[in-house]
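A quick write-up on the structure given underneath.
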Amino acid sequence: MIKLEGIKKRLGGMQVLEDLSFTVQPGEIVCLLGPSGCGKTTTLRMLAGLDEPDEGHIQGLDDIKISYAFQESRLLPWKSVEDNLHFVLKSQIELPERQALIERYLDLMGLGAYKKFYPEALSGGMKQRLSLCRAFAFPHQLLLMDEPFKSLDAPLRLSLVREVARMWEFSGSSIIFVTHDVAEALLLGHKLLVYSKRPTLVKAEFGIDIPHKDRELGDERLAHIYGQLMTALQKEY
Amino acid sequence: MIKLEGIKKRLGGMQVLEDLSFTVQPGEIVCLLGPSGCGKTTTLRMLAGLDEPDEGHIQGLDDIKISYAFQESRLLPWKSVEDNLHFVLKSQIELPERQALIERYLDLMGLGAYKKFYPEALSGGMKQRLSLCRAFAFPHQLLLMDEPFKSLDAPLRLSLVREVARMWEFSGSSIIFVTHDVAEALLLGHKLLVYSKRPTLVKAEFGIDIPHKDRELGDERLAHIYGQLMTALQKEY
Amino acid sequence: MINSTWLSKGLSLLSLIFFLGLWQVISGFYKPVIVPSPMETVQALGNLMAGGKLWEHAGNSIGRGLIGFSIALLIGTPVGLLMGLSKLIRQMFQPYVVTLQVVPVISWLLLAMIWFGFERVPIFVVVISTLPLVIINLVQGVQNVNPRLTEMAKTFKVERRALIVEVYFPQVLPYLFAAMSAGLGTTWKAVAMAEFLSAQRGIGAGMATARINLETPEVFAWTLLLVLMGLITDRALYIVNRRLTRWRNAV
Amino acid sequence: MINSTWLSKGLSLLSLIFFLGLWQVISGFYKPVIVPSPMETVQALGNLMAGGKLWEHAGNSIGRGLIGFSIALLIGTPVGLLMGLSKLIRQMFQPYVVTLQVVPVISWLLLAMIWFGFERVPIFVVVISTLPLVIINLVQGVQNVNPRLTEMAKTFKVERRALIVEVYFPQVLPYLFAAMSAGLGTTWKAVAMAEFLSAQRGIGAGMATARINLETPEVFAWTLLLVLMGLITDRALYIVNRRLTRWRNAV
Amino acid sequence: EPAAEVPYPEKIVIQAPPAPPTAPLLKMLENKPFGDKVAIELILYKSVEEATARIVNGEADFTVLPVNTASKLFSKDMDISLANVSTWGILYLLSSDNISSWQDLKGKEIHVGAQGASPDIITQYLLGKNEVSSNEVILKYAGSPEIAQMLIQGLASTAVLPEPLVTNVLSKNPNVKQVFDFEQEWQRVEDSSLPQAGMVVQNKFVEKYPEALDIIQKSYQQATEQTTADPSSVASLVQEKFDMPAKVFENSMARIDVRFVNAQDAKADVDNYLSKLLQFSPEMVGGKVPDDKFYLAK
């Protein structure tokens, strides 16, 4: 279990996180929602060890393998699509297997034909998908995803949501999923956290224990949570 | 009237645009939808004069002032938030007026407190908003927007959709609006174009002549178009 | 933060002490006419200072160096920018840049003396030696400018001047700083070299006299002075650099 | 594309012709002992070639230059990377880099002759002259590496070696190329200079004899040879650079 | 031309290298041969290029140069004449090894300053004349000051050096002895003197100011005699202007042969010297031994 307790963080002379606490159970999908600039990315960065809280502490990260789909795509422009994946995977997986894995993920993301392209020759959504490939393919017990499906068209988004659910089923990893799309959160999350405006706390929390395959956006239980969620989000303005 | 006729474009050894034709009436809001990587950004680039069609031609762009909200934020990292705006506006608007305009737009986008911040100290959504400020503030008769509201939370998105409608009312500019969010397209567009997969054509076109203030997502007429639109988008997979 | 500043101060001091120690040890193996000890060198520097020669010579050299390097920057910046921006111009000018780089001072010397007069030869030599550094670095800098930002500026009809000053220049700055850092060091060396071969006054002229008279401590004293000048300009450059790239701290 | 290649070839040729013309005109104003004409220079080069001196001297110089510059790259690359990565190391080493830059050859000369032997002095001088260029450019390069990509690599637990070779290196490459471009030019000049002062054979030694004898056409001939060497290495570097940065064409 | 009516220029510029043979010029300046009528400026040059540039630009009326360099400039169409020869002996072979004859040099490393310059050629010539072939010795070249330093430290054992470095080395390393005086050696094998450096004058100056030229020649001769007779009288001046310690200067004056001989009288020696150099390496003298016009008429 990963536990954040009383996290505070100042950035750029402003109090960003003010007493943030929540837990992530093993194999749980936690969705973070909240206004732009409230500190969602900052939370992920601290979990990834790229930043330190000013106060408070994070427990349960030792020996946990983390993968991260950054908010920006952060690809190496001098490496081709497939080499961007080789780059992070080569210390993790040996070669014949690695190549197969890479091709599988590229095909999954509809990038199979672009293996030899350099990132700058990809469209915005294609970069985003490549960045997702990397995060999925990298072995992990905790997967951090920062608006993973932005820049993707609605049908693709939906199919990727299903794909994530399927992969989660297999791997049992914990996932922390930052999104602005309420539908995505409802379809994927076991726990939905709504952040307040800066200075930020968790101002609302919703649990959903419906199995993924049974979740439909039209479903009444989800519609109920949807309403509450929208209200919680709306209150911030 | 802007008119694209028989536009073809190869990129990276692949036929991206295959015979693309459509028109934009003065003061019309045209929404472009379509799968990721189909050529939406390429279309905007050609309208902005950043790229040339291989075949076909674009008419009606002479003497038209264009503003562009790029898919990536494209801010100058060495200039503060407000200086990024001064940079593009200073040849257009004289000083006391310019400063007032900049502050107005920054406040509108909730960035008023961040005037002196450098872009790298902004969150992803804040960068996106700054990039939008720039596109709105720059005087234009044609506004190109490439997924302008990605990375923004749902309530903010909605309020910005209303804001764009309000601004459009004032200015009467033409807008070409690329989005993956069907709701946005329904709330804003006068003409909705659905691109096919590569090689790309306009495979469906919808007109909506309901005034913006009367559009509600629950509205029956919109719901009808929504269904058709989703089907058109879905077919691509 | 405070700790690391102290640590680095301490280490810098340690490295200085190590250097002086090494010098002292080496000088023990040789007569002062070959390697004078640090003490003897400082003494020679003191004598030069007392004799009033130091400031006269150093003043000449510093003036020439700064003038020469400024000229190189003034010429090199626009030329480098243009060569970076246009392949055509680059191909036309590149052979001249290589020529400037490669031709030894000796080959220019006579012509330079005839054309510019003796006292201006060191300035000329500094220009010749540092100009290629400035140009080469700027060309690389311009070629590595982010084209997406240039597109942005062009889309918003930003004037050419603003494009160059506000978009290109900040991206080229690190290259320019590398050039200036390399160029300032070269400046002091080139001034001394040229004065050594041609001038009546200046650090290099002083070195030439000391060398003929086998006054090695004095040669070392002049050298020490050059090193001090180098350290001062390097430091000044570092401070300017830090100022101009403050925005990086945001990352 | 074809057009612009032809245009640029034409312009390059034009600029060469202009240069030769200018040289011819200038040489008209002076006696050959001051400025020999292009023809006289080429003749002198022909004589050197016929006498067999050319290849012997040039071979020596080329060998020394390449060895010296390779050593500078081998030392400078890791040192520059480390200095860029760690402020502590930078503060410790920076004074030494400045010292290397600023101290004129004359001040090293004797020690170099004693320690390395006469024939290796030119190699030493090349190392001394080009090492600071390599280090300074690499330090700037490393300091301008995109920290977001470094974060990415660290998050994915990429090994230190891969981080340096695959993330840092490509970003530092343009700075390294600027350094190599500046360094190769400096190499040929430094070799000639050092041979001029110390060696029996080599282009610089040939120049020294020609200079003492006021054989200016011969001095110019050696200079021309240096320029040719500079142009060749510059071209080679350009080709390598274009290969290694092919990914940029994607933008 | 009205200018020709004026017997003296306003100012006369003489350039010379900063070495002991230049000391008489300091003395001459002190003597004020023209009273206060004409200013004489003495410029100490640092490189051949510098000297050449002044001659070309007409910025120096008189220049003290190695004799072969003067010949070279003359045969390269410079409008100059040799006015006098003032330096005859200035080169010495020093060694810390036990050497008494040329044969003893066999198998030794000899350090010589300035490859291809007159010290190098004279050394090779004398070796040949004394039946030591070029492959029996190892000639090593470097700058003269560096060679002197190595002799002092004992890093080199045998070297050819000019004054004042010779004095400097001998005083700093008692193991090093003077073995040969090249002037004497030259006289032994050539039956002629060894002219090393002299003064050239611009021909324009000769035409315009014959009287001034005459005064310069005479007063230079006088100053040379005064200086050799009593070096200590100029020692402090030398120390001030050349930065050369007075003692070093006085000791080297005791060794070197500085003697004013006007060009016509030196002609035979110069002619012989240049033709020997020509045999060895034609480039050293400009491809041919200069004709009579080279020597300033009396």
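Which chain is which? They are A, B, C, D and E, in the order written, and residues in each are numbered from 1.
Definition applied: a contact is a pair of C-beta atoms (placed from the backbone, for glycine too) under 8 Å apart; a residue touches a chain by one contact, two chains touch by 3 or more.
Computed from a predicted model, the values in this text were never measured in an experiment.
Shared contact partners of chain A and chain C are B, D. Here the chain-to-chain distance from chain A to chain D, counted in touching steps, is 1. Chain pair with the highest count of contacting C-beta pairs: C-D. With centres set at the average Cα position, the gap from chain C to chain D is 17 Å. Note: centroid distance chain D to chain E, computed from Cα atoms, is 38 Å. In whole angstrom, the spacing between the mean C-alpha positions of chain A and chain B is 26.
Chain C and chain E have Cα centroids lying 38 Å from one another. Under the contact definition stated at the top, the residues of chain C that touch 2 or more other chains are 34, 106, 110, 114, 148, 196, 211, 250-251. The multi-chain contact residues of chain E, meaning those touching 2 or more other chains, are 49, 52, 56, 149-150, 153. For chain B, the set of residues touching two or more other chains reads 12, 72, 117, 121. Contacting chain pairs in the structure are A-B, A-D, B-C, C-D, C-E, D-E. The residues of chain C lying in touch with chain E in their complex are 30-31, 33-34, 106, 109-110, 113-114, 118, 196-200, 205, 208-216.
In the complex of the two chains, the chain D residues touching chain C come out as 4, 7-8, 11-12, 15-16, 19, 30, 34-35, 87-88, 91-96, 98-107, 110-111, 114, 132-133, 136-137, 139-141, 143-144, 147-148, 174-175, 177-179, 181-182, 185-186, 188-189, 192-193, 196, 204, 207, 211, 216, 219-220, 223, 226-227, 229-231, 234, 251. The part of chain A that touches chain D in the complex is made up of residues 48-50, 66-68, 70, 72, 74, 76-79, 87-88, 90-92, 117-121, 134, 138.
Residues 11-12, 33-37, 40-41, 71-72, 110, 113, 117, 121-126, 128-129, 146-147, 150-157, 159, 180-182, 230, 233-234, 236-237 of chain B touch chain A in their complex.
Across the complex, chain B is touched by residues 148-149, 151-159, 162, 166-167, 170, 245, 247, 250-251 of chain C.
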